[in-house]
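Next come the structures, one after another.
Each of the two complexes below includes subunit A, the first together with subunit B, the second together with subunit C.
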Partner chain A sequence: MARYVVRRLIQAIPIIVGISIIAFFIVYSAPGDPFDRFRSNKVSPEVIANLRRVYGLDQPLPIQFVKWFTAFWSFPFDNTAWGFSITDGLPVRDKIFERIPSTLQLMGTSLILTIIIAIPVGILGAVKQYSIADKVIAVITTIGYALPTFWLGIILRQIFAQQLDLFPLFGKYTFGKEGDILDLLWHLALPAMTITIVGVAGWSRYMRASMLEVLRADYIRTAKAKGLASSRVIFKHALRNALIPIVTLLGLTIPTLLAGAAITEAVFSWPGLGYLGVSAVTERDYPVVLAFAMIGGAMVIIGNLLADILYAVVDPRIKY
Partner chain B sequence: MEGTQVTRIPGGAIPAVDEVDLTPVRTYWQLVRQRFVRHRLAVIAFFLMAILVTAAIAIPLLSGDAWKETSLERINQPASLTAPLGYDSLGINTFARLMKGLQTSLFIGFAAVLVIVFIGVTVGSTAGYFGGWVDNALMRVVDIVLSIPTFFLILMLVAFWGTGNVWVIIIAIGLTGWTTAARLVRAEFLSLREADFVQAAKALGAGDRRVVMRHMIPSAMAPVVVAATLGIADSVVVEAALSFLGFGITPPEASLGNMLTKAQDYFYRNPLLAWYPGITLVLVVLAASFLGDGLRDALDPRQRVETN
Partner chain C sequence: MTQRPTRTGELLSIDGLKTHFYTQDGVVKAVDGVSFGIRNGETLGVVGESGCGKSITALSVMRLIERPGRIVAGSIRLADRDLLALSDEEMRDVRGNAISMIFQEPMTSLNPVYPCGDQIAEAISLHEGIHRREAGDRAIEMLSQVGIPDAKRRAREYPHQLSGGMRQRVMIAMALSTNPELLIADEPTTALDVTIQAQILELMKALRERNRMAIMLITHDLGVIAEMADDVVVMYSGKVVESSDVNTVFEQPHHPYTKGLLASIPRLGEKRHRLEVIQGVVPNPLNLPKGCLFKRRCPSAMPVCDTPPPLQEIQPGHLSRCWLTPAGEPPEIGADAEAETAVAAAAALTVEA
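So, the complex of A and B:
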């Protein structure tokens, strides 16, 4: 297993290099530059030229790339490794790290709620296949799956925040109540609900399919033939194996945890990583955009690796 | 193919009538249609998609500039026969604008899918046909593209290379979305390469180009058509999200996404404004996904997934 992980990490190196080249050139060779919006007759061209020099934008692209790429990897020791934000001059690494807790709070809550709801729903659909309950679940999850996440967010906000006034419109804390856990949960409710609804729609369908597959197996028929109670067959014999693909799904969800909910975060102005990424694109904050793309890419690679490792851990039939 | 075998009697004797399978011979496309029609939701989805496409083409054509014509007298006028959804805060006919937005969204959705199919088939068939280092190199490119979070990649491309430009949006979605199609075509090609009819074509002296274009690609298209249909749903949602964030189609042009953005400013006076483009979007997504499911069962029964 250790050798497998090492081999996979070595294979990841060219991918990371590829991602950094693509991301760098999409961003830096784009027409215009971040300082265009400062250009006016009140700002002298020397000031702009100076800014471009400070951020290294006056150098040839390949040199900028090599400088950026080599400095990038010292981030564990050096908070300036990812450069400085063009918007406020703060070190990019600090700006990004400071957003991680918010994203983890939102995504962690949504993921836990999704699992708690989706697994029983999926089991119910599979065990009572073709029943009224199964059909109702199928209709709801199909529609839920078709809902664009950001639109669902807008509608939930419109109903629960604007019309019923039960939850706040946006943000993480009420002004002056920073650190209050109840206030945090109150702000968390709507964005978490948005991500959970879409998540449950997908996960429960997956769970149902996986459970149906297992329920057809011979050993389930044997267990039933032995006269075991059906609850025991379902929860003791079937569920364990039906959960194997779900564990893989967990690994594949990790990248979306950090970057995928960007639009939901943007709808609710939730101060997480995704919102930072979207605002950085809006503001043409090149160093932040690049760091965000790199983190996103790393998350995909780590998530895939984790999915494969978890798969081997939960299923002894799989060996690498 | 069942139903096509005829009992043959050695020696060329005329078979007795009761020994002949009288089931009519069905062509591939008849079988496809038969399997598709059996999928009730897919048939409904087909008609829904047909209605959406027709409305998106015909209504903006018939109503002219109604989708952008402002008028002081009509501001916030309620629904009427010519404006089933009333008028907005600028006096624009909401229904006419919705249909124009649907037109933009569907155009981007279909065009992006064409780009996806073009790149995917080119890359996938090259990799699958030549194999070896070509295959290896192309599949590493697929890995790299798959490893950058898709929406963020599209966002970067559109924001930095042409905010509000329809063609940039289409190309951005195309450049990021082709990996699935490429993998599907490559997998088909790996098995087709060894198929008898391909070997026969080669033995008859057909060049690489002819073998690939005339013999292999048509046989590899079924899974691509399915993936492309499902891809319409994704592309339409991506466009809406881009426009919602302000990078996609910008007013005065209409798109479902920028209608949603605008609805945010009027949520107290007219909360329904956020529902119209959203529901239209959901209808497009549902139609495309059920159509895709139906096509999968019809064109490519091997891929069939147990859904119920």
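So, the complex of A and C:
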């Protein structure tokens, strides 16, 4: 297994190089540049030319790429490795690292809640297929699946924060209470609920489908023929098999969690990575956008590897 | 419904069993009035083409029919217990304990994510109420009894690490681990290659002697029947069409369908250029023909076959669902009126309507 992981990581090197080349040239060959918005009668062209020179945008693209790419990898030791943000001049690495904990808190909470709710709901839907409970679940999850995240977020905020005043409107901490865990959870509630509702809608459907397929398997009939109680047939014999595709899918979707959080983070002004990424794109903050592309690429690779490792953990037929 | 002749010492008695599937396209009468019995220690062979209802009969005995299927009529008794009247919990105690079942597909009948030994031990600890560890030892013992070398190591292996023949041995070990009175074997060798088939049959014979259990052996291979069975039930389209002891069925088959089945077995040393096969296909269960279900494929079909033939006793212990006389001649009927009387007369003789 360890050898397999090392081999996969080595194979990831050319992929990362490829991602960086493509990301770099797409970002930089898009028409316009970050300083377009300064162009007006009040700003002289010399000032803009000067800014372009400071950020190295005046050099030929291949040279810019080589400079950026070689500097990029020193990030563990050098906080300027990813360049400086064009919007506020701060080192990109620090801007990103500072937001990682917030995103992990939001995504981690939502993911755990999603799994805890979606798996039992999926099992119930499959075991009681076509029952009233199954139909009610189907209606609710279909609605949940169809709702746009931003709309759901706004509605939840409107009801629970604005009208009922149960939760805060935005942010991560009340001013002056930074570091207070209860205050954090209070702020986390609505954004986490938004992501969880959308997540449960999808994951419970997958779980139901997977469970239904397993319940038709021959070995389930064997388990029943042994005289086992149906709870044991479901939770011992069917569940573990039904989880195999779910666990794999979970590993593969980890990178998309980052993107999914962006909208919710924006609605609730949650100081996370997604929020930063969205504003970087709208402001054409090239160094930040590129750093995101690289992080996204790395997460896809890690997510795939994780999926394969989890697959081997849950399924004895898979050995590396 | 009149009773089939009662026999003493029956372990399993099925009477007038009807198991229907309520599908979107209509009702599939997969098992439609099946009656037979198995005596203690006896092996009953159940034969018939694919789709004739053999597996559904077996699953009905286990009460493992899934929606949209339902047992709609009949009775199933095991010794003095009425299986269809038991509560779910009482039935679970019968499954895997008094009646065990092995399935056609050894490749998919074991759970891929648990070691083989654990899957056997699970049945033992459930029914014998003994501790996991002890059950594990018993499982290893069972594995060596069914001829698996190095049983201790094999018990820790997962199903995918075993060949098809080995897996079927594991299934047999699991089925026999609780000393059942009745073993239902649903095509236990169909998925295996010929040499392995022979080994598994030998094994089942040996274990049958040792455990003195009754076997309901489902197969469409008459060779397997000849080798294993005491009595034979021939099914066609959800009904029993002929039943008797194995010698009678092989030597004096009465029903044209049984004759057709026998004619389609290749025999060593016989110079036939072509095997005879039964013409045509099994009727669509959603659109059964009126009268005898076999008439469209029957070489002896006659006008009277538009009336469904009853299952009648043509010799003591030999039942056949055909209008032919016990000697195999067409009944002497000319006019329609005479046919009516013949039908009425036959109905009086009927063993099961």
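The rule we apply is simple: the second predicted complex is superposed on the first by the 296 of 320 C-alpha atoms of A that agree within 3 Å, B and C clash if a C-alpha of one lies under 4 Å from a C-alpha of the other, contacts with A are read in each partner's own complex, and residues count from 1 in each chain.
Definition applied: a contact is a pair of C-beta atoms (placed from the backbone, for glycine too) under 8 Å apart; a residue touches a chain by one contact, two chains touch by 3 or more.
Quick caveat: nothing in here was measured; it's all calculated off a predicted structure.
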| item | value |
| --- | --- |
| Room on subunit A for both subunit B and subunit C (clash or fit) | fit |
| Most subunit A residues touched (candidates subunit B, subunit C) | B |
| Subunit B versus subunit C as contact partner of A:99, first or second or both or neither | neither |
| Subunit B versus subunit C as contact partner of A:301, first or second or both or neither | first |
| A:172 touches, of subunit B and subunit C: first, second, both or neither? | neither |
| Which superposed partner A:262 touches (first subunit B, second subunit C, both, neither) | first |
| Subunit A-centred angle between subunit C and subunit B, computed on Cα centres after superposition, in steps of 10 ° | 70 |
| Which superposed partner A:223 touches (first subunit B, second subunit C, both, neither) | second |
| Which superposed partner A:187 touches (first subunit B, second subunit C, both, neither) | neither |
| Minimum C-alpha spacing, chains overlaid - subunit B and subunit C, in Å | 11 |
| Subunit A contact footprint on subunit C (complex, rising order) | 62, 64, 92-97, 100-101, 103, 105, 108-114, 122-123, 126-127, 158, 160, 171, 174 |
| Subunit C-touching residues of subunit A, taken from the complex the two chains share | 217-219, 221-229, 237, 240-241, 244, 314-317 |
| Residues on subunit B engaged by subunit A in the complex (per definition of touch) | 140-141, 143-149, 151-153, 155-157, 159-161, 233, 237, 240-241, 244-247, 260, 263-264, 267-268, 271, 274-275, 278, 281-282, 285-286, 289, 305-308 |
| Residues of subunit A defined as touching subunit B within the complex | 14-15, 18-19, 22-23, 26-27, 30-32, 129-130, 134, 138, 142-143, 145-148, 150-151, 154-155, 158, 162-163, 209, 212-213, 255-256, 259-260, 262-263, 266, 277-278, 281-282, 284, 289, 292-293, 296-297, 299-301 |
